[in-house]
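In the part that follows, the structures are each spelled out as structure tokens.
After this come two complexes, each holding chain A, first together with chain B and then together with chain C.
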Partner chain A sequence: MKGLWLLLILLALVALAALPWYGSDVLVQFGISTLLLAVLAQGWNIIGGYTGYASFGNSVFYGLGAYGVAIAMVQWNLPFGVGMVFGVVLAVVFAFLLGLPVLRLRGHYFAIATLALAQVMAAIVSNIPLAGQNIGLVLPPLNNDRLFYELSLALLVLATLTVFWLTRSKFGFGLIAIRENEEGAAVMGVNTTLYKVMAFALSGIFTALAGGIHAYWITFLDPESAFDISLNVKMIIMAVFGGPGTVLGPVVGAFVLSAVSEVLSSEVTSIAGLFFGIVVVAAVVLMPRGVADVIRRFRTSGWRYFAENIKAHRL
Partner chain B sequence: MRASDKAGEALLAVTDLSAGYGGMPVLRDVSLEVRHGEILALVGSNGAGKTTLLRALSRMIASDGGIRFAGRDLAPMTPDEVFGAGLVQVPEGRQLFDRMTVEDNLLMGAYRRADQASVRGDLERMYALFPRLGERRRQLAGSMSGGEQQMCAMARGLMAKPQLLMIDEMSLGLAPVIVEQLMEVLATIRTEGVTVLLVEQDIHLALSGADRGYVMETGAIVHGGDAKALIDDPAVRKAYLGL
Partner chain C sequence: MDLFAQILVNGVLLGGLYAVMALGLALVWGVLNIVNLAHGAFIMLGAYLSWHLYTYLGIDPFLGLPITAILMFCLGYAVQRGLLNLIVRAPMFNTLLITFGLEVVLTYLAQIAFSADFRTINPSYAGAHISLGPLVIPLARLMAFGVAIVLTVGMWVFLLRTRLGRAIRATAQNLVAARLYGVEPRHLYAMTFGIGIGLAGAAGGLYGTVSQINPYIGATLTAKSFAIAIIGGLENPLGVIVGGLVLGIIESLTVAYVGATFGDVASFGVLVLVLIVRPSGILGKTA
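Up next is the complex of A and B:
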């Protein structure tokens, strides 16, 4: 059974990796943005899914990663790789500076405290000449979608392997304990402050890398698009749709919802947003614990699974 | 040196400890000692400062005064370092991981241990000590009865191989027959070298199962000594036992 799963995942991976050689240009572009969204959902999964802290500040990591690459390449004429490292450094510094005070808050308070961060960062960056103020920065174009696609795929694999390692490690066990009962975790000798900040930083590293790739791919960056709260909402929806606190859930969620959103916006254009909203509401009502939980439980409870969830909502 | 060789010596010595919350003092110059291999009862009514004292000892809150444990100064340590030193708390309200299995809760207790190889054996020892937990090892901790949850919390604490196990309000909300079982378990683990600090509101229960006891009142220790003598002390009887 385990071998079969591994084989399926490997086959899917090979099919994905080979896509630029058999897919159309449009499909490859769709692939890049989907893979990057999946990285964001997987990054959010570390702090939101495993540690239980619903972060709305992850889009700041994304913006910092994007600006790291843009500033390094445009202002300092450094190579892309150095820009990525610079973006990661910015994200980790931000995670520690902000995580130490903000991660003391729990539940809704933490979510609200992080909600404004993206707005604040957009305002700050708009006033920094090095970052091009509110005009933004234009990066040197590199017309190589195949490269961007493979880079994004590699990053997603790395993020997913990291989450898989989390589920097997003492560190990950500690994070789950924090999610389940933070007081209990502290009493059992888990250094909760350190663990939460490390999870926040780890989440930030992958998010920043995705932001860096995206900036170089799109070749243009301004504060509004870099620190976009709706992007943060998107990663949460995708992670929760797929199954937060699972290894493959956020990836599946990102793939499915990106595809649904793409089909809707090409078929019904003007009211695509409405349909997308309906899909999300239906998903939350019918399967609040995500696709991963449906797959686990459908075999035993069948269609009753959905009925039970509706009942649990008292609809 | 085996535990029995040290019997009678101080394992934990607290001197002039003061602590509070946000400028509001709760503990005033508390001094006490816990000796190797004993069951010590710390009793007192609601709001006497018992839980605050435990929180200060495990460094969850700041305090002034000396805390020496097994030859080390705990005052500058963080909660996880105190835990690593062998001072383990079974907190009030148990604080279990409700959506994790009993077994995962116990494994969480062994989280910081270096000797992971012997954890398996210790799990089996816990299941022998608490047969009910053995039957329910795959069950979610939150779905068990209050008594079973208290057993789970105590077993989780023991999985950390503590030198001193501090149990806060062990009997709260439990049936007398369960409390009796838990007291027997305390007597058993004491013979295995674990010293116990039992914090209780149920003064009669705690003192009758302990070797020595301290009585706390509004943040200070007002009586202390041999547990049997405390039960017979007219002042304690009058104030707390309604006799």
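Up next is the complex of A and C:
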């Protein structure tokens, strides 16, 4: 059974990696944005799904990664790779500086504090001359979608392997312990502050790398698009829809929801946003533990599964 | 000096409006333990409702406030009874998520229904003002401030003195005990949420008379309402007035002395600071 799963995943990976050689240009572009969204969902999974700290401000890391690449390439004429490293450094510094105070907050307070941070960053960056202020930065164009696609896929594989490592390492068990009972974890000898900040930073690294790739691919960024608040909506919904705290859930969630929203928005443009909202509302009511849990439990309870979820949480 | 006084006056007038915005959020949070991330979107809907009443039926925005508030109350009651009651007992994150989803839905529906154009409610007295020595006080803002204070104090009296108010407070303290004394929680939760959304609608109507409205104002207003509720604490509606005034004055000072784009930075900076230093609010009890 385990070997079969592994084989299936490898096959899917090969099919995905070969896509630029048999798919159309439109499909490759759709693939890049879907893979990057999957990275964001997977990055959120580390802090939100495994550590239990629902960050509504991960878009900050995305913006920092994007600006890291843009500033390095446009203002300092450095290569793309150096820009990516610079973006990651920015994200890690941010995760430590602001993570230390903000991660002391719990529940609603943490969620809203991160939401507020995300809103503040766009305003701050639009006042920094180095970052091009309100006007933004234009990066040197590189017309090579195949490269961007493979980079995004490699990043997603790396993020997913990291999350897989979490499920079987001391660090990962520490995070899960914090999610289940933070005081208990501290009593058992988990350095909760360090673990939380490390998880925040790790989540930020992947998000920043995705932001960097996206910036170079689109070749333009301004504060509004780099620190787009609605990115938080998407990454959280995708992770929650697929199953937070599972290895493949966020990836499946991102693929499924991106595909459906792409089909919908080709019919009516503004309907895609509405669709995301309706999916969250329905998912929270009917399947709060995501697709992963539906698959696991649907066999035993059938359609009653959805009614049971409502029964468990209603007044 | 005159400039400074004028900035303070602007801040205080803005603060009153902010207080009403936060009032409904604080009520729902305190009683239902739901931080309603769609609160700002409901304010936005209230503003559009007021705008329609004024533009198509010619109803003065201040006289139309009760209509807006009652219609929004009905919407809030229905949302809680039909949807949110289904997940009230779920973990905190799920309630955040579902109201987040509601915010997205309301914003996009508003965009489809009302278009993304900026709207303003412009009654005949919109440009009128009162001069107090060197100070200028815009009439519409002063009226909005007055209504805001009346609503907030009225809310306080309502919670303290009426039967329903007592039931709401009892439920906030202990749901099981309140149930034993005959409170029907499904109805009471819906009433509380309805009142919260009704207040959001009234706040929206007031907002429309002093500022521009578009479908996207919701998220910022939610965050500001949250900041005010945190600064003021959840125990007492009068704390919200303090929170609103603090935020209004800080914003006015920042916009005047640092730069217009820093207004939101200041208010959210204050939010993060207060959260870190004193999560139970300036007036709240220490944890």
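A few remarks follow.
We take it that the second predicted complex is superposed on the first by the 301 of 315 C-alpha atoms of A that agree within 3 Å, B and C clash if a C-alpha of one lies under 4 Å from a C-alpha of the other, contacts with A are read in each partner's own complex, and residues count from 1 in each chain.
Keep this in mind: a residue touches a chain if its C-beta (ideal position, glycine included) is under 8 Å from a C-beta of that chain, and two chains touch if they have at least 3 such contacts.
Note that this is a predicted model, so its numbers are computed, not measured.
Of the two partner chains placed by superposition, A:Met73 touches none, neither chain B nor chain C. In the superposition on chain A, contact of A:Gly273 is made with chain C only, not with chain B.
Contacts of A:Gln119 after superposition on the shared chain: chain C is touched, whereas chain B is not. Shared-chain residue A:Asn191: touches chain B; no touch with chain C.
Looking at the shared chain after the overlay, A:Glu180 reaches chain B, while chain C stays out of its contact range.
After overlaying the two complexes on the shared chain, residue contacts for A:Val251 are found with neither chain B nor chain C.
Ranked by how many residues of chain A each touches, chain B and chain C are led by C. In the superposed model, A:Gly107 lies in contact with chain C only, and not with chain B. The interface of chain A with chain B does not overlap its interface with chain C at any residue.
Against chain A, in their complex, chain B makes its touches with residues 58, 60, 78-80, 83-84, 88-89, 91, 95-100, 107-109, 111-112, 156, 160. Here chain C touches chain A in the complex through residues 29, 35, 83, 85-90, 92-94, 96-98, 100-105, 107-109, 111-112, 185-186, 189, 219-220, 223, 226-227, 230, 259, 261-262, 264-265, 268-269, 271-272, 275-276, 279, going by the rule given at the top. Taken in their complex, chain A has these residues touching chain B: 170, 173-174, 176-177, 180-181, 183-191. Residues 54, 56, 101-102, 104-105, 107-109, 111-113, 115-117, 119-120, 123-124, 126-127, 229-230, 233, 236-237, 240, 270, 273-274, 276-281, 284-285, 288, 310, 312-315 of chain A are the ones touching chain C in the complex.
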